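Shared between the two complexes below is chain A, which pairs with chain B and chain C, respectively.
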Partner chain A sequence: MNVVEQLLQILLSPTIIIPLIFPGLLTTFLVIIFIAWFERKLTAKVQLRYGPLYVLKSLGGLPQLVADLLKFLFTEIIIPKGSDKKAFILSPIFLFTLSMLPVVAIPLSNSYAAFFSDLSLLLVLALLTITPIFMLLLGWSSNNKFSFIGSLRDGYLMMAYEIPMFVSILAMAVAYDTLDLVQVVGRQSSGLWGIALNPLAAITFFVAMLMTTARFPFDVAEAESELVIGPYTEYSGIIFVLCLGASYAKLSVLSLFFAEVFLGGWNPLIWPLTLNPILPGVAVFVKGLLVMGLCVFMRSIYPRFRIDQVLKLGWHTLFVLSVASVALSLGIVWVLGF
Partner chain B sequence: MKPKDRRAGKLLGLTGHMQAIRSGIEHIFKPRMTVLYPEVLQDLGPNYRGMLKLRIDICISCTLCARICPSNALKMVKVDVRKYPGITYQRCIFCGFCVDICPVDALEMSGSHDAACYTLGEQVLKPEDFSKDPVIEDKPRVKPLFDEKRGLRYESC
Partner chain C sequence: MSEEQTLELLIGPQHPGSGHMRLVAEMDGDVILNFEPNIGYVHRAVEKIAETKTYVQIIPLVERTSLPDTANHNLGYVLALERLLGIDAPLRAQYLRILLAEINRIHSHLYGMGIHGNMIGSTTMLMWAFGDREPFIELAQRLTGARLSYSYIIPGGVRRDLPQDFRNDALKALSYMERRLKDYDRIFVHNPVTLARLKGVGVINRIDAARIGVVGPNLRASGIAYDVRKIEPYCIYPDLDFEVVVRDEGDAHARLLVRIGEIEQSISMIRQILGKIPDGSILADRYLDLVPSRTRFEKRSSVKFPALFSGLKPSKGEAVSRVEASRGELFHYLVSDGSTHPYRFRIVTPSFKNLIAFKHALLGQKLADIPAVYGSLDYFPPEADR
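Moving on to the complex of A and B:
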């Protein structure tokens, strides 16, 4: 009996639940299935088409991605002859894991987090910066010109988004005077959410987020019409799914992060409701889903930018905007005296 | 819009983005433009060049159809003593030359073109199969109409 209780305590502890169940691996998997369907369906609706339909017609083709995954599961995994085999197989696994990892630093309520840290705001971003290395590695190890060009473009993209992203979060850190995500959400409990407090930082971070996950206007790395599918050209089977899933996992993690920093986290809920982590967790999750929906909506309205246009946007517009957002934050702190 | 305003909008690049997002949202609420094909069929009109049918009772075996056929889809096949045209839909390009040249109007075109088969052999029709009516599926049909606002509009018929 005692053993069962202890086991349950371990299983229900946030260090297990957050990375593995909610909002970690399992929930992300379900979210990927939903959001990929939603992306295709919404794009189809904007283009006056039907989109996926025939897999379970009463739900409008919702399990389409499950069918696709089954197909990928039974596809042969082909490792090209000239490739660096270890790097070829391991880099997608590292890519997916590291895209998922920042979720441990995201708290779900005042007292429910996998990893309490004074620097959790920085930790999320710091963990996210590791992924482009593996993107470069998988492009290089494929020994294919399309993969190589695609991963190099991903590296260029990183130059464009990383600094504006960090500077815009610096602006929020200045405005909230903390680097702890629990306190960041606590500062927004007055009703003045981050997006209203510093809209410049919110816009900059949102665009940088689109670039990080290579969502539509910025999918220069996997431009189908030019590079087959960019860094993943040589991949097949289930490791290809890992490559594709990595960008969606990153999107889901960053959306939760956006919900906490700019959309007030679990904030409309007041004290007695936040004791149990379920309701606040769901509130953060729903906000994150809305952000994700907005991100995938961009696919249906924007064409793809050229790589030089993306870099120009990053350095000429986003960087300036992010520096302006820091100035705005300093002004807010000076005027309101937070 | 005044030129100055336009310049300000261009500087921030905001007007274009706002327009794009607005038109995207507008399109979500518009009715769809495509037809659910295998369940709803498009009405093909009276003179549509669909699958062919041979009226074997009036055919005079003149072979003109087999000679005019630009893709060698029609060939004369012996049935009992006389030769009649047989067709292979692997080759037919639905040009209608055979129908035009037939001196006794023994060939006619139907309003169906759904020539999907499971095997290649099913697409080769001997004269006796060629003289049967092509299968026209009994499914709801819609008629495309030109609409000044939307471009295309479908009306059930």
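Moving on to the complex of A and C:
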């Protein structure tokens, strides 16, 4: 019995339960199912269609993605002859894992996080910056011109979004005077959320977030009419799902992050309610889902930019905006004396 | 030792953005150095097959060259055939012909706009445009009985008369389309991303457009007011009041705007036709006498093909016709040796003439401009390949 108890203790310890269950893999999986369904349903609504319908009609086709996943699971995985096999198989796995990983550093209440750090604000972003490397590897190992161009475009995109993203978060760090996400949420308990405190940084981060997760209008790396499906052209079966899942996982992680930094995290819940991580966790997820919903809604409004236009937007507009947001933060600190 | 500096990109025929052809692009980084559309993947030898068929059997055949634009292809062929036979359609039939041709022009332009939207990533435009084709396809179905391949225009007239409730429904569809054009304007035509993608992309200037022989809306977007409906009017176009939509920019966005302008013109033309369509017969008197039961025909107001049509024998000679199809000037050439089959049949389709614009408009552009320009030319591979 002792062994079982010990096993349970290990399984129920925050270091396991957080990355695997809440808010980790399982919850992210559910969130992805929901957001993919929501994206398709919302786009369908705009475009005067039905969208997913027949998989559990009573739920409006909600488990459509599960059905798609099952289909992909039984699809043969084709590995092209000329590809670099190890890199071809491993890079989607790393890509997905690294896209998921930052979730460990995102606290869902004062005391609920897998990994406490007073640098968690930086840690989340730093972990996400590793993913483009695997994207490049993925495109290179496929030995296909479209994959190669797609992954190069992804690399270029990174140059457009990464610096504005970091600088806009720097602005928030200056305004809150901390790099710890728990404290960041604590600073917003007054009711003045980050989005109201520094709207410039919020806009910059939101646009950079769209670029990171390849949402429209920044879908340049996967541009279907140009590059088939960009870096993933040669992929099939379950590893293709990992590639696609990576961008949704990234979207989910970044939306939670956005909810914590700009939308007050688990505020306005106060002390006795935040003891149990479930209620504040749900609050953060609801805010995160709103952000995700807004991100996926862009698909029905915008066409796709050209890569050079995205780069221009990144350097000419976003970068300037992010620097201005730092100045705004400095001004706020100087005036309000935070 | 010299290293390879350029990348040869083979786009298609198995590619979501290529259509039924292979695009060979020589890339230097993101810039297109050389561009070669490789066509012929959907060549069906329409001209040769036509030599083995009787004249009436060719009507459905020429429609197959361009399924989004069947009425105009049908009209072009029948005009050439009528010149060979030396007959004219009665006025009411001519009105009905142009009614169908303009309905067809609207839904063909919507088809092109939808594909264009999808090519630069606006799936909303694709769905909206394809959804809004539906009222016009429905109208055409009321009129002709078929959704796309109408085979409505026959030598000497048309197959069916205007249905009872057609006028009101048509006017409803037209005002619906006018409302929807405003929606398109907001979501796609003047969307900032669309403007960024299409303004100044794939420019064909006035002189080049004339030199390389681009036709249709693509030519008019380069500032040349050339429209067969004005230059060499056929059927009832002289009686209709319409403008030739011209823009001077010559870029992909101008081509899009010209198409939208033409949809507006077609809407006004259909209104005029519905307003002043005269009463009368829908088939030339020469054939009317041969219709099996004349009274039954007048009651049902549709034409059952007289047996004579299967053995239609034009006298020896040749005839040409020019019509303005949705994608540009369509040319039919028909040679008869006095038998029941044409001796030679030749179609010069607008898409084939516009093909050269690819090569011209894409040099020096970026890779991502290929679909943007492709869509703006409204190129339809089966029409070019025939």
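We take it that the second predicted complex is superposed on the first by the 329 of 338 C-alpha atoms of A that agree within 3 Å, B and C clash if a C-alpha of one lies under 4 Å from a C-alpha of the other, contacts with A are read in each partner's own complex, and residues count from 1 in each chain.
Operating definition for what follows: contacts are C-beta pairs under 8 Å (C-beta built on N, C-alpha and C of every residue); 3 or more make two chains touch, one makes a residue touch a chain.
No experiment lies behind these values; they were computed from the predicted model shown.
Engineer: Once chain A of both complexes is superposed, is A:228 in touch with chain B (first), chain C (second), both, or neither?
Structural biologist: After superposition on chain A, A:228 lies in contact with chain C alone.
Engineer: Between chain B and chain C, point out the one touching more chain A residues.
Structural biologist: After superposing on chain A, more of chain A is contacted by C.
Engineer: Tell me the contact category for A:45 with respect to chain B and chain C: first, second, both or neither.
Structural biologist: first
Engineer: Looking at the overlay, does A:317 come into contact with chain B only (first), chain C only (second), both, or neither?
Structural biologist: A:317 sits against chain B, while chain C stays out of touch.
Engineer: For A:300, using the defined touch cut-off, is the partner it touches chain B, chain C, both, or neither? Pick first, second, both or neither.
Structural biologist: both
Engineer: Could you look at A:220 and tell me whether it touches chain B, chain C, both or neither (first, second, both, neither)?
Structural biologist: So A:220 only meets chain C here.
Engineer: Overlap of the chain B and chain C footprints on chain A, residue-wise?
Structural biologist: Comparing the two interfaces on chain A, one with chain B and one with chain C, the shared residues are 46-49, 300-302.
Engineer: Which of the residues in chain A come into contact with chain B in the complex?
Structural biologist: Residues 42, 45-50, 53, 297, 300-302, 317 of chain A touch chain B in their complex.
Engineer: Within their complex, state which residues of chain B touch chain A.
Structural biologist: Chain B reaches chain A through residues 13, 20-21, 23-24, 27-28, 30-34, 36.
Engineer: Quick check on the complex: what are the chain A residues that touch chain C?
Structural biologist: 43, 46-49, 145, 149, 216-217, 219-220, 223-226, 228, 299-309
Engineer: Write out the stretch or stretches of chain C touching chain A in their complex.
Structural biologist: 7, 9, 15-17, 30, 117-128, 131, 187-188, 191, 193-194, 196-197, 366-371
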